[in-house]
Each structure stands twice: as structure tokens, then as C-alpha cells.
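Below are two complexes that have chain A in common, paired first with chain B and then with chain C.
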Partner chain A sequence: MSELKGAVVSARSGTKETIIELLEKAMDKGIFDGVIVPMKVPAGDSFAYVFVKDRSLLKESFPLPPVMFVQGAKAVSSVTRLGEGNMKIAVIMRPCEVRATIELAKLNQTNIENMTLISIDCPGVLPTSDFLSNPEKSMKQFDEAVKKLDDKIMRPVCQICDKSSMIAGDLHIGTLGAKKDTFFIISNSQKGNNVVEKLGIKLKDNLDSWHNKVKGISEEKHKKRKKAHKDLKSEVGGIDNLVETFSHCINCHNCMKACPICFCRLCYFDSDKVKHPSEDYLERAESKGSIRFLPDTTLFQMGRMMHMSHSCVSCGACEDACPMSIPVAQIFSMIADETQGLFDYISGRSLDEPVPLTVYEEEELHEVEDAND
Partner chain B sequence: MTKTLKINKSTEQGVLEFLKFLLESDKVNGVFILKKINGDEAVAYSLVANPEDLKDAVPFYPLMPVNAGKLLSRFTLKGSTKKPVVAVVKPCELRGFVELIKREQGNLENLFIISSTCGGVYPTKMSVDRTIEKNLSKYWDAVKRGESPSDLRDACRACEEFIPYMADITVDLIGKSDIDKQCTMFLNTKRGEELAKDMKGEFSEKELDRKKLDEICERRGVEKKKLFDEIDAKMKGMEGLINIFGRCIGCHGCMRVCPICYCKLCEFESPNSEYAPSDYESELGKRGAIRVPPGTIYYQLGRMTHIGISCVACGSCDDVCPVDIPISIIFKRVGESVQKLFKYVPGKDVEEKIPLITFEKEEFTEVEE
Partner chain C sequence: MERKIGVYICECGPNISEKVDIDKVIDAISSIEDISVVEKYKLLCSADGKKFLEEQIKKQGLTHLVVAACSPKEHEKTFMEVCENADINPYLLQLANIREQCAWITEDKDEATKKAIRMIRAAIGRVRYHSPLDKKEIESNPDVLVIGGGIAGIEASLQLANTDRKVYLIEKTSSLGGLVTNFEKNFLGMKPISDTIDKKIQDVKNNKNIKIFTDAEVEEVIGFFGNFEIKLKNSDEEGDPIGFNVGAIVLATGLTLFDPKNSLKYGYGEIDNIITSLEFEKMNKTGKISLKNGKPPKSVAIIHCVGRDEKGYCSEICCMYSLKFARYLKDKIPQVKVSNFYSDLCIPGKTHQKFYEQTKEKNVDLIRFTDVGITKNKDQLNINYKDENGNKKSLLVDMAILSSAVEPATDASKVAEIVGISQDEKSFFAEAHEKINPVSTSTEGIYIVGGAQGPKDISSTLIQSEAAAGKILSSLVPGRKIEPEVKVSHISESFCIGCKTCISVCSYGAITFDEAKKVSVVNEVICRGCGNCVAACPSGAASIKHFKFNQIYQELKEAVK
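And then the complex of A and B:
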């Protein structure tokens, strides 16, 4: 942490406005040819990521919207899944969106060579359905909550997020611990250094107050997270509880589609592999008395968990998309902490850390080898 | 006149006893039916082989967690069931299944269908917040009177196709004040009659009370017009589409739960819907900015074009939409206008071909000009 370099930026016109001014300046100077930022949709009832080339449209940007309709990593990968382009692009996202982008880059689902990933201290996001019930009121509530650093109205996983200021991209905008009408701009890479330098900002200011504030918040959230996971484990742990928890699942796979990590074009659980001759179903029904049809809801959840939990960034997009209000994100974040912990891995922390399941270490997990001795 | 079987039990009890009889007498080897799971917590379709397991079955429960047409397709996708199975499904679920059969995604052979005149279902989320149980008595009172509670699925309140087509047996359910005491089943087909043979009960001949059902249909028509008018007012031109679909998050849940959408890989999830950076670059030159991921409205219109002709307006899409877009009424509105052009009622007759796969030399000559 101590190597991070930063600068205090004066933001008298407001944080959002100053960020936009900086983006405009960067485009004028040719540092970026395009910017991917959230904007309000025309109806005003949601936000969407927009890839902007026309500088005059930047004033519509909304760098820290109160909701996460689409996980930013999905927006980024839709642009560069097929390779890097010629444009130099800046992307403004929340820390968990930057982390998911980095996971996708490792999984070869996006190319961030020409991208500058910029994150912002994240106060959390409102559950989409809460926001939709009254967008205008929600905007105000969100602003209030951000001012008071109050996370009670945010997504349940945001309330237990201990990585809400984690810097994984190139640049980070720190609002925590900043004096009135200022924010920190913090660089995490050579790419980030170059951008800031070209903007005429010197990375020489002291970041202690940001570090201290972030440390306090993440430690407190970490404790909350541990406790929440412990409570959740007693609720959903064990096969009976698990089956009961997922008994509402209707197999719509919204969670998978909203997940920034689930990138398979055709999910195993949508493929022919899970379609069986009618005799098979009937035989199973005869041996058990009756079977639930569709029979693979819990299997889907566990399969997905095995496939992506080492890369899960606990963003909560799955839970928001679940029409049956299953606490998917809370369950997945609990499992993710454990699987990632096994490998001392934090999803999206760094592009240089390979996804654990893609590397072979001769000396690891010996306890598994001995399990059958 | 149609042959009927009357059992002096409540309608639900009568049907359950009939199903038990079918399993015990080996007339069928399985019953496909809605069943409670985890006590009162949730309902799900189940395939029941042991008659004892019918005790938790709730054939007419006002919920549709998944459109059963999709499930019956899954059951018979790899070929017809070798052993006879009876399925108890709602009319629109049966219609969805019939449309899938026309697309070679299912098979009716050895499958007996029991359906009923349908009172509609509540949004599935009612089972999640557990408000469904306390709504049940209100629901059944309304059904007896042939009315729709105002909190039913929009698509159900506006449904005029609540009498099943293609069912071997139709259970007389809505607008009938004595469903707590009597169960009347119409044996529509020879297969239905065969099935009911030797069942204890009173056999006679009757017709559904068309006059009463017509009145119900008329009331639902009024509701439909109201919902259609609302949508028409909102969905005008490109601007209207942007306002309605702007908040779509691209989860494609509507497509996944739709009984008609059967493509293994949707066009909108295929490589055809992915663009190279150079495509974005040239498009940005023209437009200045692009929403990413792109294609939000394109997807909706594409799906509408693909399935509009066969949409059975079951309302499953509404239920899964995490951003509350009134998809079902939009699709019903567009679907019906396409269906009307071809005088086509989706799911009415398995022998009738889907209009878009038949060529009529003399049709739509006005389009040529």
C-alpha cells in the first residue's frame, strides 16, 4: 500500500463534475480516444454503461450511480472480447467491477491493453428493485447515505464488502479521508502515472488520511463479513438446508447471465448434457417415489459455484437478478472467500496472479492427498 | 355432448383420487403435477410414481413457477415416453407444449393431458414473500364467481384462452360454485374415456356452461383492452421502445423461461451478436456514443419477431424480469396482432402448421405492392 502515489485534486465544482472535467481534459489532450462511463437512460429510471467518443456527451456521465444495473466488466468485455482495438479507452467503474474486468482479462474474455481502468471509493449500490420502486427518491436516499457513510440501504453484499476501496486498476479516485471540496487521485500502475502526468497533476501528496479511513472501514466490514458468513453457514450449510434454500430456484439462470465471471457461451446446464430420455426421469421417480421436475436446480447452483467461485468478486449482480429472492450473492461470497482463501488468492487483485485452477503447484493441498489414507 | 365423470368430492380431491386410481391400476406409470415442497414454502412440478407421494400434490394451485409446457418438452425431447404418463397442466402450459411439439421439441405419444378451465395464477414472487397462502381463500372465492383477483398476473387477468384445447380431460373449475363439493371432468377424447374407465363415479354426458364462460371471457376482454391501451400509449415509435426497454439489463431471463423460446443458443448470445473493436470504432464515428453491451432493444424486437406468432401469453417472462418491464402484455399485444393476420391460435391444434413455415401462394398480396 505504501508504494501508492497520489495527489489531492481540488473539486470545488463537486466530485462528479470534477471527474467529468478531468475526463474532458484527457480527451482534449488525446490521452483517451474514448471513455466508458455510466449514464442515466432516457426514461431516467435506470443507468447504463455508455462508450463515448463524442467529448460533448461526457457531461451526461454519472461516475458513481446509485445502482449497478449491469456489472461494468460485462460492458468492458462486450467491447474487447474479440481483441484490443485502436482506441485508448478510459473506464470508470466500482472496485468490484474493475476486479471482475481483471478476472475476465485473465480468462481471455477481454483485452485491457489499451484501457485505463479507474475505480472510485464505493459506498455500495442500492438493490435494483428498491431503486426501481422510486428512482427519484432513491437517488436522494443514496446521496444521503453516501454522505453519512451509511450502508444499511445498500445491497446485502455491499454491506459486508471489505474491498470497497481496493485498487486493482490503474487509477483510483479516493473520496474517503479527503478534505472538503477535494478528492485523491491515486495511481497503481505506470499507465496510471502517465495519464496523471499528462494531465499536469503531480503525484506527490500524502495519502495517509485516505489509507487510515479505508483501513478503518475495511477492518470493520471484514468483521461484519465474517459474522454474516458464519450466520449464513448455519442457515444454508448441509445438504438439507442447501436443497431448501435453492428450492425456490426456477432455473431461469438470471444469476449466471448477470454474473460478470460466468462467460461460457453455452452453459453446461443449458446444454444437451442435462437433457435425458424420459425413461431416465421416470426411473428416478420410480426409485424415489417422486422427483422434482426440473431436477437439477441445486446441481446448477453447485456446478456454477465450482466453476466460478475462485473468481467471484461478490458484486451482488446475481442476487439482484434473481426473481425468487434467493440470497445467491451472499452464499457465493461465503464460498468464494473460502475457495480463494485456500490459494491465498483474491479475485481481480492483480493481473499478474494467475487464476488458481489454471496453475499446477507440486507442493500444495497435501491434506487432500491424505484424505483417503 | 361430451362424456363426463362426476365424483362427489371437492374438485381437487376428486382429481387426486382419480390420479391415484390411475397409478394404482397401472394405467399410467407417472403423474406430472404441481406439488408442495418443504411444507408450505414452495410449489414445483414433480414427476410422481408412487401414489402415496400425491398427498402433497396441488394440481390447481394458483402459481406457475415454470411453464409446464417447457418441462414436458424437456421430458419428451429425446423421444416419447415409453410408459404412459399423465400430466395435469394449465391451458396456456398445454398450448406452449403443443407449439413446442410443432417445432419438434416434444412428443405427445403416451402422454395423457388433464387440464382445467383456468382462473389464472399469482406472480411467482408471492411464494417467495409467503403471501400466497393467505390469498388462497380469496382466490378460490373469486374463481367460484368467475372473477379475477386484481393481483393476479397481468397476463392472466387479460387471458381469454382459459378453456383448454387438446386436453384429454378437462376439469370444470371456474365460475362453478360447488367446486368444494363436486368434481366434474369432461372426457374429451377416446383416450380420456379409456383412462376414466373403471373409476368410481358417476358417468354421464354434458357440456361446459358456455354462457357462463362467455361472460368470464367478456370480463377478461375488458381487462385486456385496458392493459393494451396502456401499453399502446407508452410504446409509440422508437422513443417509446427506448423508454420501456431502456432499463433491460440483458439477463435474457424472459427468453429462458419462455415456453416458446427453445433455441439452445439464442442468436443474441451467439457470436453474431458480438462485435469487434473495429465495429465499435466505425459505429462511434457515426453516433458519438454507444450503450455497452449493445443491442438492448434489438434483442427484444428480435425475440418478438421470433416468437410472436406462437406466444401463449402465459406471463412467465414478467415474473422473472428483475427490472419489472411489462413484457408479457407487450408480447401478448404484438403476438395477438400477428396471430390475427394468420387466423392462428397458438397451441390450439397440434396438426395445424405454424404459419411461418407454410407457403400460401395467395396471401399478403398487399405487401408485394
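And then the complex of A and C:
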């Protein structure tokens, strides 16, 4: 990877406020025609992605909300799935949301040609249900936790996220390792360089303290992740454990609907192809003694794993959406790490890396070949 | 529709009957729903067997047919023909391969019998869900486009035109003949070849079936086997772009030399009297062999294997033409001292060894090196080399000839892109199969011949041109219609999410993108039914006729039940 260039930005009025000021300035200068950014809803107890065209509304934006009701990539793809617009749009998201956006761009589900993707050091997000039980208290708790870099109240999958400062988009806002009342603005592309330059900021400051802090946190979280996955594997590994784990699944498919990567028009598992004549069920019951209804819940989960684990960004949206508290995101993050590891692939790392599905290598995947061969 | 399925089990002489208890199989199969008849027969592929099957289909009024016999590779076509003769759609047939996949490999007779039952049950499960598919026929154009006017393109054009085919021969330079026009003699016989080449060029020019375009390049190729539409970059007298239709295309874009400037150790371009093999051929043919100062060289080094390490392959022809160079030199400057420096000698062929020995007898030194480089020494050259034992040595000479590796012609990539075929990792055009299908490409109707396919000498080039002409004459017959693949892919408009994954995995360029609807569309004439898109489609929009989800599911279900 090329050497990242960055600048220290003075943020006396506060990080959030300074980010908003910069966005306002960028809109004034015509660098952006619009901004997609999380905002607090008028009632003050929830957040949503909003596409802001009226500069004065930017004041209400909330670049780092405590929750992720909608995965940002879904918001972005809904704007541009049918091709690029002529508008130059800035999007502020968490790193996993930027990565999912990049995955979707590779699969032609969004066009980011005219978009500037801006990520921000992510402390994690609160589980949706925790937040909803007491929004006001949760917001305070979240602010405290961010200050202390304490992730215990965040989504379980956030607690083991080793890519919470990964830069995959055009610009990144680095709060880690920054001196008081400052943050870093880091560019990862020519597009990013141009934006910063037009804002009159010179990308020439030293980023060592950010790099060091990020390195420390990601290494620590990486260890935690490995251990968590190892523990999880002993719990859910093997067909019996897997069936047991997903035995609470009610086939609502919320996980799939919340997933930014699941973009099929009609899921195979919602199609008629999985609806069999009653003799089939009779036969199955006959051979196994009995079958559980609704059928095929584990098959659904395994099918989804097969279809999207190479692109999964471990954002945790699926787990938050599960009404049965199945640790879907933790299981999927484990599978995703293994699948992507097979192809030396990290989902959403770079637009230039094709999704493994489209790449043919004559010499690969020996590890999954028939052992008897 | 009421299904009446007939199951016919072939004994295949003793091949199947000795390993499978066929009567037991018949017992197990007969009671399955929709089965009208189960019978065995000695040899179904024999003339009698085929007649028996045809009569059975008619007599029993069968709607579907299962034949339990050998591999579909062996006789699927045979039994499909039987179906056609008996007036049922040939795609309502399913073969169970109980010979190669069962009788021949399963030792235990009980096990083999059980396995055969499973396989036939699976075939029955599948055939139930088969749909009739209709053959399509399209008109074809018997004319041929040949790209490249060198010896390869000339030969292909002549072979085709002599059978009254119309040939369009496109040459990017102003004259025909290509590289070989630079050669005085060919190796082996040391016979002059200009006359032969000139005659071929004249033949091409005089042939009324061949339309020659020189200084011409192809701009666009669209279509498929039997119906390619060609557009040239050139314009006619009225200024309109030249275009025509052909049924097949021969790519004969030839080869070029590895540029020794890419390897600094040879001093090429920096030091005088270091020339490439092609420059030497030209010097030999057009004038006299001389140094820059006009005098004849007293000593010459011919360096083989230049660029072999960089290219990563042996160029096959350099050893032989380097020996020919030694002969040119000895013939014209009898006193000259010639040293051939080689890393490995490549002289296969029935008369090549003799040529090599005759050359050696003319006092030509053959020196093996493990590394070689050239430096200037006043007006002369030092050939600095390491011998086989790694000892550093040096030889002083007047002139050095670099026998450079051969590469595909410079714009081969452009041509590959325009006609839509792939290149191998060395940028030569990729053949359908290097060993068993060497002049075809993955696109039906497009053939590759000569140096464009890989390094080769004149005779191998001519062989390929003749082979490609043969392939075209036998597959593209005037008046005969072309039957495109029936088992093609289909992309459902309502399921397609427009991610274009299918387009990136299609080897035939058969899928295009409908920008208005944002969905992928299969061209059924170009599609070969390989199934890549079906496997890669993340949203289940792609399916392939005759390999539908339910057909495979039912087959599998019965196989594992």
C-alpha cells in the first residue's frame, strides 16, 4: 500500500462540530453537491442516514452515532444502484460500512464514481435493543465508553473487530492518537487528496501517533478475535452443533434483509425452489424418523454463508436484526475470516481486488481438495 | 401429460452383464411410478439394438427414455438419433453410465448391482423433469477472413480459395509475404526459398477468389461462427468504411523478435557490429555480409538463446537458423571463423541432426555457455562467457549475431481483443487445447495458425494453415445450416440484479448487458452451455437448459436416497 498522507486538524469546537464545519465549507466551495451522513431524528431518540442537499441542515448531522440501524452501504446503494448521478456526494460512514460499499461497487450494486467515501475511527456501536431500551442513557454511556476506549457495551462483533480503523475509502478521520482538540484527516486516494487540497488543508503532517495507536488496538483485537472464534468454533462447529445453534431460527430472514451484502432480488430461500411437494417431507421424515418445522433453517444459514461469506465485513447488522438472539454475526465473522483467508482476500479492502468468485486460478484451494485423492 | 418411461439396460456383451445382476436390476426398477417397460438387450448400440429401441419406443408409445449403458461420451449421440427416428424429442432421453462408472470399477457384484439400481433410479428421477428442446438452424456464410499476409495467411488463403471459397486476406503492411521474404535459404536443405515464396504470393494475387487488402487493419468483429460481421479501418474509394461478412476467421498475425535492448548485457544498440538474427538475414539477402566499416568480418559469434530466460520458453527455431547462419557465413566468406554460443541445443526432427553434423564439419565451433555477455574491445567485441564448469572465458570477434527469442507480433493483443479470443500467459493466441486441438480457439469458427500461436518454423506453419483450412472446409459447408448449441444458458430478467459477474466469467463473450433494463442477456447462438455463469451467478438468475435445478436435484435425490 502507498504511504498514507495526512494532516492534523484543529478541533477546538469539538470533533463532531469541526467535521460539520468542514462539510459545510466543502458544500460552499462546491466540492460536494450533497452529503450522506447519519442524523439524529427529530424526536432525538434514534438515528438515520440522511442525504443532505440543504447545507443548513448539516448542523444536525451526527458523524459517529452510537447505533447502526441501517448499514450505510445499503443507504448508499439505494441512491446509486441504477448508475452514477452527476452529483458529487460525500458519505460519512464507519469503516465496515465503507468496505461493504466497496464490495457492492465491485458487484455493480452501487456506483461510487462520483462519491467520496469518508470513514472514521470506530469505537463500535451499541446493540440496537440495548439502545432502544433507554436511548438517553445509552447515548451517555456510549460517549463515556468512547472516551475510555472501552468496548464492553458494544456489539459483541465490534468487541472483536480488528479493522475498526481500516482505511478503504477516500478519506479517513482519525481520532486515535490525536492530541487534545485535534484529529487527523488522512487521504487514501487522489480523489481524497483533491478534496483536502480544495479545503486548503496541506497533507504533510506526521501520522505516526495515529498509526501506533491503531496498530496497538488492532493487534490486541486481532488476538481477541482469534480466541473468540476458536471458542465459538468448539461451540457451533460440526453439523450437530450447527443444527442446535440454528434451531431457534424462525426463518424470518431478517438477518438477510439487514445484510448489506445480501443483494439478491429474490433470495433463493424465499423462492419456490425450496418449496417441495408433501411427499418429499414424508420421505424425509421416513428416513430420519421425524423432521422439524419450519424446515431448512440451518440450510438457509449455510446457504447464506456460502453466498456471502467471501464479502462479509463482520458489521454485525444481522445479529442485531435477529429476534431470537442467535449470535449470527459472530458465527459469520468466523466463517468470513476463513473463507476470505482461503483467497488472501479481505472484503472491501480495495476496489481493485476482484471478488474471489470471478477469479480463476489454476493452482488454488488445495486445502479443500479430497484428502483421498 | 401422462409419462410413459421406458428403461433399457444394455448388457454390453459381457462388459456389464458379468458385473451387474441385470435381472435383479429389472426387478428393482419395474415398480417405480410411470415406468411402462424395463428390458435388457445384448448390445443396444448395434444396428439391431438401435432398430429394437426404435420399435420399442413406437410400440410402447413411450414419452421418455432411459438407457442404462456406457458413457454418454460414447453413445449419447447414437441414442439421441434413435429418439429422433422414433419421433420423440432427443432431450427426453437420459443415459445411466453403468459401464465406466459401475461395472468396470466396482469389483463386488452385489455392490455393483446396488449401484446400478441407484444410478438408473437417478436417471429416471431426472428424465421425468426433462423438457423437450428444439434444434435451431441458422444460415451460414462460407466465406473466410484471413488476418495476416505472411506465409501462414497465404497458405491458408490458397488452400481455401482453391476449393472456391471466397477469402478476404488482410495485411497490415504494404506487401504480402511477411517475415520469410527476408530469408535467402531455408535450413536443412540450404535451398533458396525466394522463388517458392514469390510464386505463392503471385498465386494469391492471381486467385480470383482471394480479395487482398494491404495496408489494412480490422477494426471490428461481431457475430459468431457462420455469421461474423467484419469492419475494416480502411475506407473504399467513396470514403465509406469497408465491411463484409464471413463464416470463419483465420488469425495468422505472425511473430516478431524479442528486443535485445531489453537485456543490457548484450550491448545491442550501444556497440557497433552487434546485430539481431533478422538484421543478419536481411543483410545476407540484400547485400553482402560486412562490418560497419564495409569490410567482411574475420570472426563472427552467433549467440543462441537470447531472451530465453526473460521469456521463459525455448523459441524452437533459433538453434536451427543459427546453424544456417554459420553456413551462410562459411559459404560466402570461406576464411571466416564462426563460433556458435548456445545454452541448450534444440535440434529435434528426422533430418535436423544431419544438418547439425554437416555444419560442425565445416569448422564451426559450438561452445556451450551458462552465462554470456558482450563488451567492446577497441573495434572488436569480447564475448565474455562462463563455460559449463563455470569458468570465466572470453573470445575476441569482429561481429556478433543475436538469435533472439520470438514473441507474438506487436499488436496481437489488439487483434485478440477485437476478435474476442484469449491469449496465453506468453501472449500467444490461446488454442482450445495445446495438444489435441491446436489450431482451434475457445470461440468456434476462429482459428490460429503460424507464429501467432507459438514459435515455429515454416513447415510447421504450413501444416497449421492446412489444418485450419481443413477444419473450415469440413465444418463450414456452403448451403449447410449451422446448428448452434441447444443446451444454452438463460438469464432471468426478473431475478438478475445486474452485478455482471456472469459477464466476467463467460469464456465465449456470449453475455451482454442491457443498460436500459440493467440486466445481463445471453446470446443463445454464441453460448456453448458451459455453465460458468450459472455457477457464478450470486442471485440464481442464470440457469442452463437441460441442467435445470430441479433436474439435478431430482437426480441427486434418487442417487443418495
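Things to note:
Just so it is clear, the second predicted complex is superposed on the first by the 364 of 373 C-alpha atoms of A that agree within 3 Å, B and C clash if a C-alpha of one lies under 4 Å from a C-alpha of the other, contacts with A are read in each partner's own complex, and residues count from 1 in each chain.
What we mean here is this: a residue touches a chain if its C-beta (ideal position, glycine included) is under 8 Å from a C-beta of that chain, and two chains touch if they have at least 3 such contacts.
What you see is a predicted model, and the numbers here were worked out from it, not measured in a lab.
After superposition onto chain A, the partners chain B and chain C occupy separate space and fit alongside each other. In the superposed model, A:Tyr281 lies in contact with chain B only, and not with chain C. When the two structures are aligned on the shared chain, A:Thr358 is found in touch with chain C, with no touch to chain B.
Once the two complexes are overlaid on the shared chain, A:Val50 sits against chain B while remaining clear of chain C.
When the two complexes are overlaid on their common chain A, residue A:His307 makes contact with chain C while staying clear of chain B.
Of the two partner chains placed by the overlay, only chain C lies in contact with A:Tyr268; chain B stays clear of it. Once the two structures are superposed, chain B and chain C can be ranked by residues of chain A touched, with B on top. In the superposition on chain A, contact is made by A:Pro42 with chain B only, not with chain C.
Of the two partner chains placed around the shared chain by superposition, chain C is the only one that A:Gln109 touches, whereas chain B remains out of contact. Minimum C-alpha separation, chain B to chain C, in the superposed model: 9 Å. Under the contact criterion defined above, the residues of chain A that touch both chain B in one complex and chain C in the other are 82-83, 265-266, 271. Chain B meets chain A in the complex at residues 29-30, 32, 35, 37-38, 41-42, 44-50, 52-53, 65-66, 71, 74-83, 85, 124-125, 127-129, 239, 242-244, 246-247, 249-253, 256-257, 264-265, 269-271, 274-278, 280-281, 284-285, 288-294, 296, 319-324.
Residues 34, 36, 41-43, 45-46, 48-54, 56-57, 69-70, 74-76, 78-87, 128-129, 132, 244, 247-248, 250-254, 257-258, 265-266, 270-272, 275-279, 281-282, 284-286, 289-294, 320-325 of chain A touch chain B in their complex. Across the complex, chain C is touched by residues 82-83, 107-109, 263-266, 268, 271, 273, 283, 287, 307, 354-355, 357-358, 360 of chain A.
Residues 494-501, 504-505, 518, 536, 538-541, 549-550, 561 of chain C touch chain A in their complex.
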